[in-house]
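Going by the order they are written in, the chains are A, B, C and D; count residues from 1 in each one.
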Amino acid sequence: MAQSDPYHELRQNVLAANLAVRDAGLAPLTWGNVSAADHKAGVCAIKPSGVPYDTLTVERIVVIDLSTGEVVAGNDRPSTDTPTHLALYRWNSGIGGVVHTHSPFATSFAQAQTPIPCLGTTHADHFAGEIPVTRHPSPEELETGYESATGEIICEHFRDRGIDPVRLPAVLLPNHGPFVWGKSADNAVSNAIALEAVAMMAATTLGLRPDAPPLPERLAETHFARKHGPNAYYGQKEAK
Amino acid sequence: MAQSDPYHELRQNVLAANLAVRDAGLAPLTWGNVSAADHKAGVCAIKPSGVPYDTLTVERIVVIDLSTGEVVAGNDRPSTDTPTHLALYRWNSGIGGVVHTHSPFATSFAQAQTPIPCLGTTHADHFAGEIPVTRHPSPEELETGYESATGEIICEHFRDRGIDPVRLPAVLLPNHGPFVWGKSADNAVSNAIALEAVAMMAATTLGLRPDAPPLPERLAETHFARKHGPNAYYGQKEAK
Amino acid sequence: MAQSDPYHELRQNVLAANLAVRDAGLAPLTWGNVSAADHKAGVCAIKPSGVPYDTLTVERIVVIDLSTGEVVAGNDRPSTDTPTHLALYRWNSGIGGVVHTHSPFATSFAQAQTPIPCLGTTHADHFAGEIPVTRHPSPEELETGYESATGEIICEHFRDRGIDPVRLPAVLLPNHGPFVWGKSADNAVSNAIALEAVAMMAATTLGLRPDAPPLPERLAETHFARKHGPNAYYGQKEAK
Amino acid sequence: MAQSDPYHELRQNVLAANLAVRDAGLAPLTWGNVSAADHKAGVCAIKPSGVPYDTLTVERIVVIDLSTGEVVAGNDRPSTDTPTHLALYRWNSGIGGVVHTHSPFATSFAQAQTPIPCLGTTHADHFAGEIPVTRHPSPEELETGYESATGEIICEHFRDRGIDPVRLPAVLLPNHGPFVWGKSADNAVSNAIALEAVAMMAATTLGLRPDAPPLPERLAETHFARKHGPNAYYGQKEAK
């Protein structure tokens, strides 16, 4: 049965990525959801809404048409945040996975409406610049669809400021929490783990020294480039 | 034997909920107790006093008459906090489970005698407003019964301010710790986990920005409503 | 063989208590030691020095004569802190177990040379008053025996101020860390776990509100008495 | 096969030490690497670059010639930080193991560009003095080789100030994180665990009391000497 499911691998990746978020402690209760897109097939797969991680199965992962937003496979309601995920996939085909959590330190920066400054190489290894905070949705946007408005607000923020979402794969929603993305669901989960670690260290650093200086630009560039640049030399050749 | 116990299911729920509180790290040593009420049967079931979680069994869960406060089943002394639990059940029949812990961040707000402000959607998803701190018991109340006075003080606080305990299922006792409740023991445990997460993030947010603004009212309402309102669309239909 | 060891039970308790300290996360690497005294037999048993917890066995627990400080059983060197433990046992026969750790929050108060104030009932349930910080050893005391001087300094601090060590079973050594005790090794471990939780919550409370008021005396008394007073009603009768 | 590998034991030690760093929670994702040197054989062994801990095997540990920096055994690329490790081994033959992590509290001090002060005996037991922060690499050094420049900068810092790296086996790279070393890979891992604990307690201590005084020199000396001095009496004789 599962053998003949054309979305089996995509759903399996999404199941594994959701469990990885839970195992990393980023999502107490059911506060998190991960999706992955298959841009060629024109679909994404996402966690069902409000289902405890312990009872998640491949069959319960919901498959959605990227253009129409309709459910293509699965009997459960998809995550309420699905319209936000869809907006990100429609925006940039370089985005293959999206993670939403309420991970505590990143959420605290979102609640403080303070961008996470780039204070070190851990940050620069994953994110080319400070993690921005978007604006709030307007009353009108809340009326017409909170979750899709959220997606639009993220894209608007990056477009207006000329930020490349592939180089800076994370954002904070004010008074809410982070959205993180990546080339794949797995890569997006790594970025979500990195974001929480970076947020914890930024909070601790600012506690030790409120005027802590940012990482010098030349070092930020060296670190990002050795992992992601054209002459990257981090990791194994076959993995590039 | 256990089959013929009319309270077997209630006691099993209470046992599971107490272990869930322990597993969530909210109750080091024996600092926590969970009860559940069966309002139709006129009883509640609660953890025995001072018994380590590792040795808890269904049979040791104590069943209490909601009206008289007498032990109906069980050979152990009930939790010393039983009178507080009883006061909550007698107050509002919408309360089906009560949790008391000394979870560290919520307790720190209780010790600071500072309400936990609603700084984000994580908070608004569970609690419709800031988590209040009650007054201290008076010397006379300490004389006549500390634990039942505590229950009365909680009810008084909510009644005097017109707060609906079903929409705001948590309170802080000054210099002591939180009481949390819910529709069931299981739901009360989820709320207790949420409260501790919300308290940790509030402390961190206030550390980053002492004047962090509260969540705008319209967003708080949207988040509470999508989980708990008449047109709630979070979670699965069958689970509603 | 072990059957005929007259100290077998004492050593087993000490082994279990040392592992409990490790499991509670209070002693990274080998930074901790627990002993227990058998005042009737005139001995105490203690962890060997610098032995990783993973390789501890009953046979490696060292038995010491309380009067002479000589090793009575065991082939290993006892903990370097043994003279401090001995001083406590010789001081008060109500002390049946002693724990030394570098648990992080209690140690941070010791490093800040700041007593841990009694800010809540969690504290009052275990300790009748703030946790004091002793003076430093003098250069002469360092010359003649650092660890025995440490024990004398603790006793001196409590005697000079008329503090009852049975009601206040913990102390902080400045720039060092806590010593905690109790009726038994097991009870001392519970007190050490409570001390670390209380220290963490005090640090968090003071971060939220630097002038947080102490627990009112009448509440402190009620809480200590319901656990430890002549009419204690916490816990089960058989356990009293 | 493995039997005939002359570097089998060295590689096994390095594998175990890398896993110990992961298990201690010092290296989320792949943010850490441990090496060990065999100065007689003129080689060191190190983690391959960017390989997840779960898939590490003895065969994937890379062996490097200490003089030439060439790979002697192994099919993977060595850690990108290899030139830093090599600089430390070439500097001092008392260094038998090197650990690099982004452990959160030590990294926060590195990001704050603030040395970790010696505030207590936990610190003095492992490190004879405050943990220094080096300078940044210059633009020229970034051009000619970031990682080897990093190693030179560490050695330069210690040499210029007359600090003995055997007595003070750790350093912070500004906006980056710690490098820690020791007599062996295993000893370096213990020092890395100690450094993170010491950094966490220093941050907490400074939060409680910004002007916390350092450990008195005479106590620092006593503690370091009882573990590392000529008359050390900590630990077991056979282990010395």
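Criterion: a residue touches a chain if its C-beta (ideal position, glycine included) is under 8 Å from a C-beta of that chain, and two chains touch if they have at least 3 such contacts.
Quick caveat: nothing in here was measured; it's all calculated off a predicted structure.
The minimal number of chain-to-chain contact steps leading from subunit B to subunit D is 2. By the document's definition of touch, common neighbours of subunit A and subunit C comprise B, D. Shared numbers divided by all numbers used gives the overlap of an interface; between subunit A and subunit B this overlap falls below half, so the copies present different residues. Among the remaining chains, D is positioned farthest from subunit B, on the basis of C-alpha centroids. Centre to centre, using the average C-alpha position, subunit C and subunit D are separated by 33 Å.
Within subunit B, contacts with two or more other chains are made by residues 207. Taken together, the touching pairs link the chains into one ring where each has two partners.
Checking each pair of chains for touch leaves A-B, A-D, B-C, C-D.
For subunit C in complex with subunit D, the residues that touch the partner chain are 28-29, 31, 48-51, 76-77, 80, 102, 104-105, 107-114, 136-137, 139, 142, 146, 175-177, 203, 206-207. Here subunit B touches subunit A in the complex through residues 119-122, 190, 193-194, 197, 200-202, 204-205, 207-209, 212-213, 215-216, 218-219, 222, 226, 233-237, 239, going by the rule given at the top.
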